[in-house]
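In what follows, chain A forms one complex with chain B and a second complex with chain C.
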Partner chain A sequence: MAGPIDESAVRRAAKLARLSLSNADVSKFAQQLSTVISYFEQLRQVDTAGAEPLNHPIEIANVTRPDEPRAVHCDGFTIDAALANAPDLHGRYFRVPGVFGDSGS
Partner chain B sequence: MNARRVFKGMPRIANLEIQPIIGLEIHVQLATRTKMFCACAAEFGAEPNTRACPVCLGLPGALPVVNAQAIELAIRAGAALNCSIARLTKWDRKSYYYPDLPKNYQISQFDLPIAERGWFEFSREGETRRVRIRRAHLEEDAGKNVHDFPGFTAVDLNRAGTPLLEIVTEPDIHCAEDAREFAIALQREIAYLGIGEANMQKGQMRFEPNINLEIRDGEQLAKTPIVEVKNLNSFRSLHGAIEFEIRRQLEEWQERGVTGARGNKSNRGWDDVRMVTVAQREKEEADDYRYFPDPDLPPVTPDARRVAEIVGTMPEPSGVRTARFIREYQIPAKDAPALVDDRATADLLDAAAALGVDRATLARQFLSFWQMQANARQISIAGLRLPAGVFAELAQMSSSGRINATAAATIAGELVRRSDTAAVKAGEPLSVSSLAAELGLLQTRDSDQIAGWVDAAFAANAKAVQDALANPKKLIAARGFLAGQVMKASGGKADPKIAGELIEQKLRALAGDAARS
Partner chain C sequence: MSLNQSATQIASDVASRLRSAVDVCAAALSRAEAVNPRLNAFTQILRHEALCRARQIDAAIARGEAPGPLAGVPIALKDNICTRIGHTTCASRMLESYRSPYDATVVQRLERAGAVIVAKTNLDEFAMGSSTENSAFGVVRNPWSPDRVAGGSSGGSAVAVATRTVPLALGSDTGGSIRLPASFSGVIGLKPTYGRVSRYGLVAYGSSLDQIGPFATYAADAALLLSVIAGRDPNDATSADRAESDFSAAARDVDPAHAIRKLRIGIPREFFADGLDPVVRDQVEKAICEYRAAGAHLVEIALPHTKYCVATYYLIATAEASSNLARFDGVHYGHRTPAPRDIHHLYSASRDEGLGTEVKRRIMLGTFALSAGYADAFYQQALRVRRLIRDDYSQAFGQVDVIMGPVAPSTAFRIGEKADDPLQMYLADVYTTSANLAGLPAISIPCGFSASGLPVGLQVIAPAFEEARLLSAARFLEQRGDWHSRIPPIE
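Showing the complex of A and B:
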């Protein structure tokens, strides 16, 4: 996947991220992201034969919790407060702009 | 499943061999009390947005933590699907922009699923068929979008984060009936092993078949484009959607010659009323999930010892148990479900058998009068709440000839009645043999006593005995008749084997006397 990031790649990434960018932004980010990607080109030169893939940046594993229902222990959080902070509600539902079709997964 | 079969039920088309190629994706909701990555209760039917926390809402800084029970149930499922369990499994973000997942990604498993490369068998028309399993991975369910309102969508996040196991088969299925039978067998096994409740009405199990056709015309092979039918929540709709797609794809190929190329897979929905699949609106761009490892969640490394422990303590899968019951209890295959399907009853049968009684007798009693007692109360045999020892003792008395079959059924009825009494509830043990004695149902093996009944039967029927001795053709009937008289005189208590022997001895003695005189 080497090679510079062109403007169409930036526009596509912006669309997927729901960002609206000006033309000036697009050209600026194309240059900046190309530079970022070039660092990976440098990294690719390292010989990784025989090295285990790194699956997580911190070397821990098996952090689990027991299957016991528990009230939220986060300071000040209540679901009603969260609902009250929503931009729009319909009864106890979050109300969002109309979505058509079905979700799938 | 490897043999190529010509699909039947299709309009006959000269020289064409049509082979449907079907794979299934199955989502199973796991039987946990809480969600996959937070401690919110996983409940069906609660008020909207009452089971949601910062993790469910995708609030910044919220930290997901893996539910240990979901891992355990997934390993159990992996074992039931004959998969290898990963030594290292990790979590990935699947980008997905939709309001039912406020994080804008779903936590799933991309390249290192918890289980892979297995198989699952089902039987159809007495034949065992095997479908290979490609993988099974853990993920979280989305919330619910309600589209019933004009101009807006209402979002309930109670379901968001519910643990799901997605099972993916290889495309080893070749007709709608096999897909349905496979799905039914899988649903039963999931429920049997306590992996998930697998209640179809509650949407706890959903199917997504991938379907296309291979059409062979002599040397030519054409393939129709693959269609995935989304979110089927009944066996009927799974069967109907596949049947419909097979016909639709064949027609489309005949009329327009459409064949598949890499990447032109499409999604269709199912209309349960019209029984047709319908094209879903194509997105402007193909899905771009941009999977990448979730930095919030460290990997899980189930060690071999823990996996062996989970597999060792899980219930015996119903498929394995069925085969064993047919073999060990000498029952016909058609009777197996009555003993296997209710896990507590199957466990009870095994527990009683382990006490060292004749298994065939025990199974026969389960299938006859015990089943009748349970049915009369609309419960399972285990629901009768009698200890395993009672079932074993009754079978033992029956197979050793201490009671006859009718007496066994009578005693069973009495045992069930008495199990409800205060004394028994207070802990007084139920003794089958003392109950049999109390009811006067024990068979006697006292030869002198039986000889008395035999002599009386001969005396009362002297004429018939004489006729039988004179005419050997009548001898067999006379033996049976005399045995009946003995049983009647003894009130059914005479051991039939001993009575038979005594009758035979007496007939021989009389025949000898007649010959000498």
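Showing the complex of A and C:
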């Protein structure tokens, strides 16, 4: 069983979720998430012996198609359309700061 | 034009050239522009795009082409449904200037049916909320009492129909987000069976729970819209492979009392326990008595895991959300922090700046639910309880045809009342989340008003793929009262 939701637990989860929370948010969330998680605790009272986890409300089967090249979308979903919302481009590439070390952008 | 004109009537008038699609569209746009400063129901009013589309429809009809079952009918779409026209914002700073490169499947179907999209509606950011207070574009106000919430997360779509700006709107329902605002605003809101309507182009929140569905004034209109949007879609692997149904017959039934006679209605005692506002209880019980008076049989049933639904829902929905919202990273589209120091700062600062407080709270909850030490105790346990909740319903539907109860424990609450208490806000979903967890269709039907004039909704839940039962129940009740046809005063 994990420990209580204190500020360091909030900071750890925020790092996993890639959120840079303000100090004010960290302390507010520590209190609010503790309240909600203690409410969740009631689920531990339920006898679930023999109950398989239900991930999905309906039976789903994988959908496949012949492995043949085709247009991504029949009505004009072009490369240009896919790039149109990009915050920063270099030609037809998405540009981001250096991923390895501190090599900059 | 009468504000209470149905979509069915508008489509018939436009198809037979009694009225032009352009006139109908212009009236809806004026109404939207009049309503919005006061109630904030729309993120965008698409005047230019809508009039262009209406002119095309008029021209096609003049050429003798078949115009489709929604010819010239103005419709508003929740702004988490992707449209190539306008923006698709999800009421988030993250997507404030996002333009979808494709149309959702429901949008393609609406276009083929001749509908005219006049506006995108305001919502809780990424559909996360029960009050439409969590929008980056401000709170949606209740048309019956503007100091109160309209319900959420599809608050704007409910208000668009309640104010008679449009006869039809689409919302999405993950844990009650269609039914709750329908109940608070006094209109019909239908969450279809999971898989009935394609989710392709619906921005994902909780993928095993999300479903698009109609808002309408009239049962027949809700049926018409559901018939247009339902059906298998190769772009959504979870869309069900069922014979397409024409739902209109259920709501157009000449004698709905015929469908009500001998109907077995399950009344879950857990839906009428402590915590239910007596005002809501009175109106819901009166409505249920109307069905009994028409020959329905009331059967007391048990849904013993009801008290665990909110906890189960918020664990599963936030777990799915924390995964689904990982895509908003400032790289491919959406907000990017102006001066990223490195790649990690780009991700975390873009997300911190672009996402609102409730969205972050749910991402954090979901991250906890899935993290080592919590996953077995909470997430896996929630999935097991989910099965027990579904089993409760399977057992109940062995005895009854539909289940009836309240949509929400109260009428619309005051703006700000629950804003700083997330758990109290989550408990507004106490009667709605189980239908999503079990994948069942459910509807909110206007069934009365409180003494202070706030609407109350009756919830009806049916077995999977039995939406027709919900629509005939709605049609029956609209013949027994005028709750559905009252219009809130708009100055």
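We take it that the second predicted complex is superposed on the first by the 76 of 105 C-alpha atoms of A that agree within 3 Å, B and C clash if a C-alpha of one lies under 4 Å from a C-alpha of the other, contacts with A are read in each partner's own complex, and residues count from 1 in each chain.
Keep this in mind: a residue touches a chain if its C-beta (ideal position, glycine included) is under 8 Å from a C-beta of that chain, and two chains touch if they have at least 3 such contacts.
Note that this is a predicted model, so its numbers are computed, not measured.
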**OP:** Look at A:93 in the shared chain and tell me whether it touches chain B only, chain C only, both, or neither; answer first, second, both or neither.
**Re:** first
**OP:** Scan A:81 for contacts with chain B and chain C and give back first, second, both or neither.
**Re:** second
**OP:** Identify the partner contact of A:40: answer first if only chain B is touched, second if only chain C is, both if each is, neither if none is.
**Re:** second
Original post:
Touching A:18, do we find chain B (first), chain C (second), both, or neither?
Top reply: both
Original post:
Looking at the overlay, does A:29 come into contact with chain B only (first), chain C only (second), both, or neither?
Top reply: second
**OP:** Mind telling me which of the two, chain B or chain C, contacts the most residues of chain A?
**Re:** C
Original post:
If you stack the two complexes on chain A, which partner ends up touching A:51: first (chain B), second (chain C), both, or neither?
Top reply: second
**OP:** Considering only the touch criterion stated at the top, classify A:10 as touching first (chain B), second (chain C), both, or neither.
**Re:** second
Original post:
Which holds for A:60: it touches chain B only (first), chain C only (second), both, or neither?
Top reply: both
Subject >> chain B and chain C footprints on chain A, overlapping residues >> reply: 16, 18, 55-58, 60, 62-63, 77, 82, 88, 94, 96-99, 102
Original post:
Inside the complex, what are the residues of chain A that reach chain C?
Top reply: 1-2, 5, 9-10, 13-22, 25, 29, 32-33, 35-37, 39-40, 42-44, 46, 48, 51-58, 60, 62-63, 73, 75, 77, 81-82, 84-88, 94, 96-99, 102
Subject >> Residues of chain B that touch chain A when the two form their complex >> reply: 27, 32-34, 39-41, 47-50, 52-54, 57, 59, 62, 65-71, 88, 90, 95, 97-100, 106, 112, 141-142, 145-147, 149, 151-157, 230-231, 267, 269, 280-281, 288, 290, 293, 295, 297-301
**OP:** State the interface residues of chain C toward chain A in the complex, per the touch definition above.
**Re:** 98-99, 101-103, 194-195, 208-209, 234, 237-238, 240, 305, 307-308, 310-312, 314-315, 322, 326, 329-336, 340-349, 351-352, 355, 357, 360-361, 363-365, 367-368, 371-374, 377-378, 380-388, 390-391, 422-423, 426, 437-439, 464
**OP:** State the interface residues of chain A toward chain B in the complex, per the touch definition above.
**Re:** 16, 18, 55-58, 60-70, 72, 74, 77, 79, 82-83, 88, 90-105
